[in-house]
Each structure stands twice: as C-alpha cells, then as structure tokens.
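Once you scroll down, you'll see the structures, which are given as structure tokens.
Both of the next two complexes hold subunit A, though its partner changes from subunit B to subunit C.
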Partner chain A sequence: MKKIRAWIYDRLGVAELSKFGMKKEVPLHSHTIWYYTGSSILLFMGIQVVTGVMLAFYYNPTIKDANASVARIMTEIPLGWIIRSIHSWSATFMIAIVIIHLLSIAFTKAYRAPREATWMTGVLLMIASLAFGFTGYLLPWDDLSLAATKVGTDIPKSIPVVGAWVTSLLRGGEDVTGDTISRFFIVHVCVLPLAIFAILGVHLFLVQRHGMSVPLKAGHRPEKNDFLPFWPNFILRESGVWLVLFGVLLTTAIVLAPSLGPAADLMAPAPAGIKPEWYFLFMFQTLKLFPSRILGLNGELAAVAVMTVGFLLVFLLPLLDNRPAERKGRTITYAVYAAFLYTIALTVWSLL
Partner chain B sequence: MTTRRRSLGTGLLAFALCALVFSSAGLFSQEPPKAPAGKPAVEAVKGEVHPAPMSPKERSRVTVFLAWTWLTLGVLLYLLTLKIREADRVYRTGLFRTTEAEKEPPKH
Partner chain C sequence: MKLKYSLFSRREFLNGLLGGSLLAFFATLIGPVVQFIFPPYKEPDEVKLPAADYGGLQPHEAKGFAWGAKPGILKKAGDGSLVAFVAVCSHLDCNVAYLPNDRKFYCACHQGWYDENGKNIAGPPPSPLRRLAVSVEGDSLVIKKQG
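Then we have the complex of A and B:
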C-alpha cells in the first residue's frame, strides 16, 4: 500500500503541490470572507457538470421528445426529479454567487493593476454562465421556455445590418423550431463548457500569478503575520463552506423542485406573463421601459445599445479606473452601487 | 484511545453516515405513472408534471432523507472543526512556516 502511495505521489508530484499549497498564503483581514465566493462558484460548476451529464443520459434534444424525455426524467428515472432540480437550482446559486463575487471585487477595487486581465476573464465567465442559463432554459421545451426563447432571440433583430442574421444564427432558421433545440443543446453541453473551462484555466492561472488582493482599510497586518496557509488551513475552512452550501442546495432542490409545463405548441399564442430567469429580469424590464421610438431611433435598438455599452463599461472597468491601489476611487464605488441598485429595483419591479 | 484510533473511528462513522444517505436515497424515487396497456407511460405531456413526489409516503421518505443528510453534514462539520483547530495549532507552532526570504511581499 505504501509503495502504491509513494508511486502515485512521485508520478503526480503531490509533494511539490503540497509544498506550493503550504507556501501559498491567504491574507487574514475583515474582508477574508469574500475569498470563499470564488471556490463556491467552482463547487456549483462541478455539481452542474455531474448532474448535467446524468440528465444528458436520458434527454432527447428533438422537438418530438424533448418535453417527454424531461417528463420521463422527472417521473420514471430513479431520483431523476432531484437531479433535475439540483441542476436547475445549482445554476441559480452559481449565477448568484458569480454576481456576489464580481461585486465584491468591484467594491474592494481588486480589479486594479496588476489584476486587469483577471477581472476581464471573470466578466467573460459571468457572460458564459448567463449563456448557460439562456440555452438551458429552452431545453425542457414547454410553453414558457418557447415563448421566453422567442423573445430573447428576437432582441438582436433590432441591430442594423447584422441583426436578422444573428437571430437566424441563434435559432437555426427564421423561427424557434426543433433545430433551435438541437442548436441550444449542443451549445449548452459542448461549446459553452469548452469555452468556460478554457477561460477558467486562464482566470485561475492569473489568480495564482498575482495572488489575492488585500483591500484598503481591511485591517490587514502583514507585520503580525496575518496569513493563513492555503493548504490545509484555508482548504479545510472552504470545505466547511462547501458542505453548508451543498446542504442548502439539496434542501432547496427538494423543497422547491421546478415543475414542467405542457409541451410547447409552435402554433399556440404566447402564454400570458412570460418572464425569463431572474438574472435576465432587469434586462427584460429595461427593454419594456423604452418607448417604441426614441430620438428618431427604434426603441428596442436604443435599449440594446444602452445595455451593450453597460456591459462594455463593466468589462473595461480596470482600464477606466487605472489609478494606483492607494486611491479610494469613490466615484467608481458610487457608480457600482447605482448599477447594483438599478438591477435590484428593476428585477423586483419585473417580479411584481 | 489513541489519536489514530479516534480519527479512524470518526472517519468510519462519517463514511457510514454518507453511505446510509446514499442507500436511503433510492427508497423515495417517484412512483411512475400507470399507463394503460399498449401505451407508453410518458409520451407527449398534456398537463403540468408534478415537480416532486406528492404521496404522503413519498413525502415522509423525503423528510427522513433530508434530516439524515443534515445529520451527516453536522457530523462532517464537527470533524472539520477538529481538523481546522489542529491545523491552526500546527501553524501557530511555526513548524511549516515559510521563511521571510521565500514569502512574497503583501499585495494590494
């Protein structure tokens, strides 16, 4: 047994990894709690992969079988309803923690030099997570998912020159059909995972390369050795957070399991009260706020332009606020607060 | 009781609890709908599909499963706190502390 362990340790370089983990230190201060959000995202991503593979064993991405196969997963396959519910809820939890993680970085100004690329890859990961949510929403192929996807894929149409082409590319034709399901399925289980793992690799490398940022006024005292070794002290604490999060996820998934609507009918009118997933609600409400014509422009186009500029500003935040770490940058803090409050307010408004 | 035996015992207890969680999970799978002869159980869905087991028997199984899961998590968290205390104690003694030359300067 000892020989096998020694062989594995030698071939995998476990000793070097362990040495690296023990040498790597996590700063201890009043904002240390935010460091746990990054690893929590990884936990939910792992759960998504495992439950997603299990669901893919039984799911059929065709117009005839999509809804029936989800119904079969929920009613016939042992524990199928729990696996589907965990998959759905862990997506929600993951996106919520991605948003919290991004906000914590924005408020503590951790995006400043030398971590600009870390922030940018993080924003790309958030966009990929949202794309996962958007493509996954159509897969159960019920009335609501069909209508929401029609609305969502209609948005690019307002863009001049390329709009119609983008919509056609997303749908795999003029309208949302069976081709859209297979297209969304392939993007959901193949294209996006490849993209997210590639970006995640770069993001994690950059986190290791530049270390963990210590915010100003965090009360960190490096001279008093206010550090925690990453291995095993920090990892053990993270494991505790993971266990609690897993328990909360499992309980939520069991108590509030999502239902499945009747199979979508392409000829039926859109049902009343169409709403996208909660993380798209603020965009949905923003679109509704714009009048049909604004300053001679198509209202929808103006809304799309405003939201695109908003996302670009978030992506380029480290370049816009490239001041030294010692500067407080109150304007940016207020702007982030304003954006956060706007998002919350419009989400709540849309829910009412 | 030696430390090794105690850790082996607690490890075995945690393993047994986890194993019981997984074995009990199979008890409450949802009962499939009864299909008339010659028809598949699930084809095109007409109405809304129940999101979770609805019969009282199935519901009570779910409750037992959840209670068992949280009990297991509680035991695992307790074991983790013991491990964290031990790791912190070892760190405070400075046995594995990196030298000042190896340590990177604090970053902002």
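Then we have the complex of A and C:
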C-alpha cells in the first residue's frame, strides 16, 4: 500500500504540489475578505458544470421539443425541478460574485502593475460568464426567452458594415428560429466552456505568478509575518465560506424555483413586461433611454457605441490608471464609483 | 555567390517562408468555415392565403399570417381595402401586436407605438412598419414584397 502511494506521489508530483500549497501565503490585512470571492466563483462554476451536464441528459435543443423537454425535466424527472433551479440560481450567484470580485479589485486597485494582464483576463472571464447567461436564457424556449433573445441579438445590427453580419452569425440566419436554439446550445455547452477554461487557466497562472495583491492602504505588515498559509489554514476558512454559500444556494433554489412559460411562438406578439436577466438590466434601461434619433445618428447605434466604449474602458483600466497613488489615480477611483452608481441606479430604475 | 549585404539571414528567410505558408494554408480554411456558419436565407417572394379565411374581417380589424419566419398582419383599412405589414418592430425586432380598440400597433419590448398605417408615432422605433402589397387572385390573397 505504502509502495503504491509512493509511486502515485512520485509520478504525479504530489510532493511539489503540497510544497507549493504550504509555501503559498495569503496576506492578512483589513481587506483579506475579498480574497474569498475568487474561489467562490469556482464553486459556482463547478456546480454549473455538474448540473449543466445533468440537464443536458434530458434537454432537446430543437424548436419542437426544447420547451417540452424542460417541462419534462421540471415535472417528470426525479428532482429535475431542483436541478434546473440550482443551475439557474447558481448562474445568478456566480455572476453576482464575479461582479463583487471585479469591484473589489477595482476599488483596491489590485490591477496595478504587474497585474494588468490578470485584470484583463478577468474581464474576458466576466464577458464569457455573461455570454453563458445570455445563451442559457434562450434554451427553455418560452415567450420571454424568445423576445429577450430577439432584442439581444438585434442590438449588433445597428453597427455599420458588420452589424447585420454579426446578428446573422448569432442567430444562424435572418431571424431567431430553431437554428438559433441549436447554435446557442452548442455555444453554451461546448464553445463557451472551452473558452472559459482556457482563459481561466491563464488567469490562475497569472495569480500564482504575481502572488496576491496587497491594497495600498491595507495596513499590511509583512515584517510582522502578517500571512496565512494557503494550505491548510486558508483552505479551511475557504471551505467554511463554500459550505455557507452552498447552503444559501440550495435554500434559494428550493424556495424560489424558476417557472417555465408557454412554448415560444415565432408568430405571436412579444409578451408584456419583457425583461432580461438582472445583470443586463442596466444595458436594457440605457437602450430605452436613447431616443430613436440623437444628433442625427441612429439612437440605437449611439447607445451601442456608448456601451462598447464603456466595456473597453473597463478592459483597459489598468493601462489608464498607470499612476494609482497620484491625483490621476484618485480621479479614476471617482470615475469607477460613478460608473458603479450609474449601473445600480439604472438597474433599480428598470425594476420600478 | 554570397551577397555582401542582406535584409534577412538565411534562417529568417526560411522561417518567414515556412510561417507564411502555414498562415496562408490556415487562411484558406477560413472561407469555407464562414460559408458553412451562415445558412442560406431567402425571404418569401410571395405568400398565398385562402381569401375565405380573411373574408370576415371588419374595417379596422386584423388577422395574422406567416411571412416566412416572421409574423405578418393583414388588416382591413377604414375604406375596406386590405393592407399587410411585417409585424416586426423597427427598433429591436420584437413582434408587434395590433390593438383594434386603439387602432394602433404596439411593441411590448420597449413600448413602441405605430398608428394604423404602420407609421411610428411614439417610443423608440426609428421607422415605420414594413408594408407588403396585397392583391386578390381568384380564391387567394397574394401578399408580395412591395416595390
């Protein structure tokens, strides 16, 4: 037995791994709590993979059967309703924590040199997460998901030259049809997972390469040995956080299971009160605010341009904020607060 | 013969040649892949509807039909003539509804309004609803692209 163990340890390099885990240190200071957000995202991602595979056992990505197969999961498959509910809620939790993770890094300026690329891969991961949410929303194929997808995939159309092309690429044709379901399904279960795991690999490598960032004014005292060993101390606390989050997720999923509307009808008028998922609400409200013509431009195009520039600014934040401790850095902090408040305000407004 | 000066070393030249050919090879694969991703689409040239199904329409009433994968609406105008629209909002492509009591078209996605002639009158829609031509041929109503 001992021999087998030694063989496995040697061939897999377990000793190096555990040495790495014991050597890795987590700085202890007033902002240490934010370090838990990263791994919490991983928890929900893991749950998404497991429940997603389970749902795919029964889901049929066709115009005829998509809605009925989700209904079957909800009503006939043992515990199917709860698996779907967990998948749906875990997506919400994951994106919520992605946003908290991003904000904590923005406010503590953890993106400053040498961690620019870590931030950028992080923004790409967030976009991939949002794309997961967007593609997943269509799959139950009820009236709300059809209308939301029609709007979402029509937005690029206002971009000159390539717009119509992008819309047709997303939809698999001129209109949202059965081809759109298969397209969204394969992107949701294959293309995006491959992409997110590849980017995540780079992201995690960069986190290890540069170590944990310590905020400028966190009161961290390296000389006093203000560190927590990653293994076992940090992992233990982490497990506690995971357990609590899992409990909250399970409770929410049981109490607030998502419903399923009637199967989408391509010929029916859009239902009243369509709303995208909560994380797209601020964009939804922004689109509503823009009039049809603005300064002689198409209002939709103007809204798309504003939002694209916004995303670009977020992506390039570490390069823009290259002197974080100086006046420029403080101005950028105010801008980040303003953007955050805008997002919150528009989200709340669209819910009123 | 050995040149005295050269822009490239022999290694750089060969690397460029090899790398360039590889790049060119992969570039030729992009075209077919892109072609495959976009399915052929053709809007119907015309749609034939049995006139009997739409005979009972009163002035200002409307009934739907399928214009390819898009919904269409056939409406009897106040003067008794028939008009047809592609019932898709010009803003962000949602399907619109005809509200006979208000004599207006309404898009629920972003509260867009059109009057009974399909003209955009309120909300975000930037242009009118697309109109289709209606004609009667024997027992059928023929809906065609306009113009």
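Miscellaneous remarks
Simple rule for what comes next: the second predicted complex is superposed on the first by the 346 of 352 C-alpha atoms of A that agree within 3 Å, B and C clash if a C-alpha of one lies under 4 Å from a C-alpha of the other, contacts with A are read in each partner's own complex, and residues count from 1 in each chain.
To be clear about the criterion, contacts are C-beta pairs under 8 Å (C-beta built on N, C-alpha and C of every residue); 3 or more make two chains touch, one makes a residue touch a chain.
Everything numeric here is computed off the predicted structure, so don't read it as measured data.
Once both complexes are superposed on subunit A, the partners subunit B and subunit C fit side by side without clashing. When both complexes are overlaid on chain A, the residue A:P291 reaches subunit C alone and has no touch with subunit B. Contact with neither subunit B nor subunit C is seen for A:R209 once the two complexes are overlaid on the shared chain. Legend: residue contacts after superposition of the two complexes on their common chain; A:R323 is shown touching neither subunit B nor subunit C. Seen from the CA centre of subunit A, subunit B and subunit C lie at an angle of 130° in the overlaid model, rounded to the nearest 10.
Contacts of A:L266 after superposition on the shared chain: subunit C is touched, whereas subunit B is not.
In the superposition on chain A, A:L250 makes contact with subunit B only, while subunit C stays out of contact range. Look at A:S85: by the touch rule set out above, it reaches subunit B but stays clear of subunit C.
By the touch criterion defined above, A:T75 lies against subunit B but remains apart from subunit C after alignment on the C-alpha atoms of chain A. Subunit A has more of its residues touched by B than by the other of subunit B and subunit C. With both structures placed on the common chain, the touch criterion links A:V151 to subunit C but leaves subunit B unconnected. Touch criterion met: A:L169 reaches subunit C, while subunit B stays clear of it.
Overlay on chain A (Cα): least separation between subunit B and subunit C is 20 Å. Within the complex formed with subunit A, the residues of subunit C that make contact are 37-39, 41, 43, 64, 66, 68-71, 87, 89, 91-97, 106-111, 120, 124-126. Remark: subunit B residues 25-26, 29-30, 32-33, 41-53, 62, 65-66, 69-70, 73, 76-77, 80-81, 83-84, 87-88, 91, 96, 98, 102-104, 106-108 touch subunit A in the complex.
Residues 22-23, 25, 27, 67-68, 70-72, 74-82, 85, 142, 210-216, 220, 222, 228-229, 232-233, 236-237, 239-240, 243-244, 246-247, 250-251, 254, 257-263, 325-326 of subunit A touch subunit B in their complex. Of all the residues in subunit A, the ones that touch subunit C in their complex are 147, 150-151, 153-155, 157, 168-169, 172-175, 177, 179, 266-274, 287-288, 290-293, 298-300.
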